[in-house]
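Next, two complexes with chain A in common: one pairs it with chain B, the other with chain C.
Take a look at the complex of A and B:
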């Protein structure tokens, strides 16, 4: 018995994995929580035994699947893990006799991995050209795919996306906050991009930007314009992916801002109007300050999400043409797992740590200057 | 109450409302005239009509335009899925193609392992959503109601996890999985998804619990409940909007996750639909019909779920954000 690939055996296999997993999770978690609570309450006599116990499952899950991989990632940056040295690092895989596994982790490997992100490394040293200038390392297949280029492109990508998300989302939310008809219908239609699975968004838009069969070009030629080969031209391809990501992100802002607008007391506006404040003054003096607690976390999350948005670009263009749509995170994915990947996981680990550090510093500066996350933890 | 400028033209003797109506009619007529001069190109009429609406009812014109942009790709996929095989690569912009058939739908069931992909995804997604909500619901409650040592660093850590690039977790996760010889095992994928979903879920749920006055639990505890019973009987039922948002988010994230699944699930027998559909229009394959039919079937249920929940969507995300 089989229907479209699904057989009774396949169902049993999956359930055989999931049900024991769930039972084990429940039993282990409850037993662990009970023991942990007894330990905290009886042995340590802390008055916070209950909150710690309630948090324990989340903490353990994050410890195993987030913190451990992150620590392991740092360790990887100190390794020389490649496709051919892989068996050295595995407890199960069989090691070929001629494989030298004497040094697994060393600072030299780390120096090599981290420096390779920025510079061209030859024989363990930064290579220089005939005039003595350092040569930048190429992270992907084209010569200009160097770290500064990718960083600059990521900055443009993030800034353009977030600005358009914000402006369009705010405009739509302000309009939707008026007394107009069909509000529910508009809202339901506008949130559609958010609801469509990301893979389908990327694959469908890739097809819509197809030079011959896509509707973008069909629309352009319907008005007598010249068709553009969107995904074959470096600049056009970058515009295309930015357009799709803007399209994707507007509903999130609209929903957040609309929710905020609806909870602002209308009396503020009435009072301001009576004092003769103009619409712009009311917007700057009432709307923006009262929306701050929503706007700052929304922008913070959006910057982080956009900076890290790998799947859309990876599916739409794969980073091409000529690696021109790669941002840092897709370059990382391509370097580790892409079609031309060299499987140098030590290098990929170092690269990912550098990306994280950049984002982290940016976020820390932004959060401390805007002070907007006080709301989240100071209550 | 209006926050935008009320368009109040200076009194020139003419009623501005009437002026706008005349302008609108003029633009519609202009569009029709242009169409007559440009080989009956319907586009001009559409543009003229929209510009007319923009002058007459600007809010509706903008909202209609944006709504169309939002749903057009969905309509397109539906349209392609209904095309007969001969017209798959047609350039027409019709929503209902000429000679609409359901061939693509029967093809994806008969020629591809579509149901198997759906089953794999469904099993992963439901497990992730349920486990994620349970883990986050209790964790967020602790953050909301107690001021314990380590609370602030823990909350900041949760925010920090949102900054981790996918690749940064993917590289070590892949290496760990490969080292242990566990590629193609969905249990590993489930656990990885749960832990990436937990931080954001805790964040949202904590914000929501904060808006529920602690007096409610205290009242329940005076009536003889213990703390956990109060949480179970008072807080959880009141938090339905936020819980459903978190469930929905985790469901959607896992339902359409691509990058992690692509690296870990290499055997077609454990593929999720995202990997399957991607393969249909990959480098060597361009089965637009089958792809579109599959997309429609994958998207419509999610879309309905999302729209049905969109009432909760706003309150769940923003309640407690604005104090006024």
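Take a look at the complex of A and C:
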């Protein structure tokens, strides 16, 4: 009998499968590169045969792992793929006689999917209330789960997290950049949250925020405060998940900024000090400008990561209570894989494209206006 | 003449040998390698593996069974994904009935009416029937919630909620370290029995989902009262909270399902319980005199649509044996502290009082349908129950909102 599980035998079995696969992959890639080089150099007589050959595996991987999923996602947005239409899209599934599978992809399905993100759609039409007003669609089950509400909550979640990550990370990096005793120990301790797996962090904090048995309320009570129902109260739960994500994200900034600070030539500060510049002036005039090439990509990445951070929320609150800690991506996950098991993949694909567009425009505008990649382009 | 007698003897011997071989061949089949996705816990899967070996040794020597353990929701999403991909589906799926409707809707399962003798499962086969067809055969009956209590803290099980509240308060007053009563407060599966007890149901006579009736309002009000007026439950409590506190003796009474009995009987896993201290009872009666009625079903084996030929023969032979052979049912159902799903195997109250008490609690339940729309009910009730249990939503508003949410969910199907 075999059991799936992390036994020594299971690990060996898995390695036995993976290692030959990896060797085969390396052989195939080398053969492909050799053939590709021969083609470019001999048949097409290209001057840049070697660089093209070296770039080719990365380009193929990009095509397979990035471009294909994107194209497939767009295709899904044009489908009516949901649980009870699965048999239309899979040849092995049992197809009921009354299931119409004549059209698999169509612009009408796409329109329905995209409009459903924003509006309540009934029988292909935008639904209106008794006064003729357009009804917004619910992305979850509660009335507050409309797109504008979830977008607003996602914006608050992202902004608060990124601001605190930045401010606390910067403060800690500046402190760690000073000549203080036991600096290495402090640095190691601060990086600990980053080193612990996110699932463990979320589960641990979930227990610590327990109203009756958690450390947080024990601390509040010790100082004479009233215990708070952290995971039962919508506002308190949202604060709790934000707090944990701030705790998780600060080390990333600290490490990045500290690296940047250590690369700044101390002579700049000495010269400024001799010219009578205050600490604030030195910070604004030297530190910030010289850290810019690190800070702009760090903030960009942090915004995208935080905007898309679903795992922490799922484990700590499951999006509750009353769906109050859900953000756009958790609502998206719910549409595709949520407990109602509606498996609305067509709708979820359209929803994900809208989230992608929001983040794409944010990244373009932010990077362009902040000049974060100026040095890269100037080279 | 001498040779003729000898020839007849040889022929008779050969015929006899041939008959024996034919009989053996009829009972035995070729080896099969089967894969089962099991939602059951590891301990129960060990028993399943042992039973498979018994079957294999007798019927199909050399057969193997790969058991892949998957948590409830993971099993659902993985099976849907494998079905859509058209590959990687197992030969059998073992789990509770509530996902069967979903899998039927998605076209993943095959009907079992022609493959198994459905009449052999009189108690709960209805929990695996959708659209007049059968999509799973039960390995046990149950999956029901009941009152569980620690006999070292509670002498006799309370028969009414009034008794339970008084008992729970008395225990906490005597020892503030011990919580009198706890349960999974915000989980609709624990809430539905109250709705049933107040005379409500999920569907009306026409099959429409009705979550906004007076019974639902009464049930919301009752659980809200338990928390905020009587204060007999913890401020926050999910499954892990109630389960862990009960096992370590920090809670005197909880509501939990039959799946936990095995764990509670094991004193290594549950130091405060064991056979000596674990008590089981039906739900206490509500003020209207009715008992809350938990949903009942059991665990079922379903077979994906892709299984055919020798694999299907192997599955049918093994599952038929596992679920109808008295010795197998005793080993697998009773051996995992579950109730049998066939009439031929009964629970002896004297030798097995715990399971007998579980059987008595089972009698108070109502069958859980495998209807795929049921998930819309769970999903719609959950946020509103959370609102009620945080005192931010009134029972009336919760019922009304759950109805709207359910209709929204149903429209997406």
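Keep in mind that, in the parts below, the second predicted complex is superposed on the first by the 348 of 379 C-alpha atoms of A that agree within 3 Å, B and C clash if a C-alpha of one lies under 4 Å from a C-alpha of the other, contacts with A are read in each partner's own complex, and residues count from 1 in each chain.
Following the convention adopted for this analysis, contacts are C-beta pairs under 8 Å (C-beta built on N, C-alpha and C of every residue); 3 or more make two chains touch, one makes a residue touch a chain.
Just so it is clear, the model here is predicted, and its values are computed rather than measured.
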{"item": "First, second, both or neither for A:101, with chain B first and chain C second", "value": "neither"}
{"item": "First (chain B), second (chain C), both or neither touched by A:288", "value": "neither"}
{"item": "Which superposed partner A:10 touches (first chain B, second chain C, both, neither)", "value": "first"}
{"item": "Contacts of A:212 with chain B and chain C, given as first, second, both or neither", "value": "both"}
{"item": "Which superposed partner A:357 touches (first chain B, second chain C, both, neither)", "value": "neither"}
{"item": "Larger contact residue set on chain A - chain B or chain C", "value": "B"}
{"item": "Touching partner for A:163 - first (chain B), second (chain C), both, neither", "value": "neither"}
{"item": "Partner chain(s) touched by A:341 [first = chain B, second = chain C, both, neither]", "value": "second"}
{"item": "First, second, both or neither for A:93, with chain B first and chain C second", "value": "both"}
{"item": "Which of chain B and chain C A:28 touches, first, second, both or neither", "value": "neither"}
{"item": "Set of chain A residues, in rising order, touched by both chain B and chain C", "value": "3-5, 86, 89-93, 212-213, 337"}
{"item": "Chain A partner contacts - residues on chain C that touch it in the complex", "value": "42, 45, 49, 52-53, 64-69, 73, 76-77, 80, 83-87, 89, 99, 102, 105-110, 186, 234-236, 241, 305-306, 372, 375-376, 378-380, 382-384, 386-387, 389-390, 392-393, 401, 404-405, 408-409, 411-413"}
{"item": "Complex contacts: residues of chain A adjacent to chain C", "value": "1-5, 82-84, 86-87, 89-96, 120, 122, 138, 140-143, 210-213, 227, 229-234, 320-323, 337-344, 347"}
{"item": "Residue ranges of chain B in contact with chain A within the complex", "value": "1-6, 41, 43, 59-60, 62-63, 66-67, 69-74, 76-77, 89-93, 108-110, 112-120, 123, 127, 131, 135-136, 138-139, 141-143, 145-146, 148-149, 151-152, 154-156, 159-176, 178-181, 185-187, 190-192, 194-196, 198-199, 202-203, 207, 210, 227-228, 252, 255-256, 258-259, 262-263, 269, 274, 277-278, 281, 288, 291, 295, 298-299, 302-303, 306-307, 310, 313-315, 317-319, 321-324"}
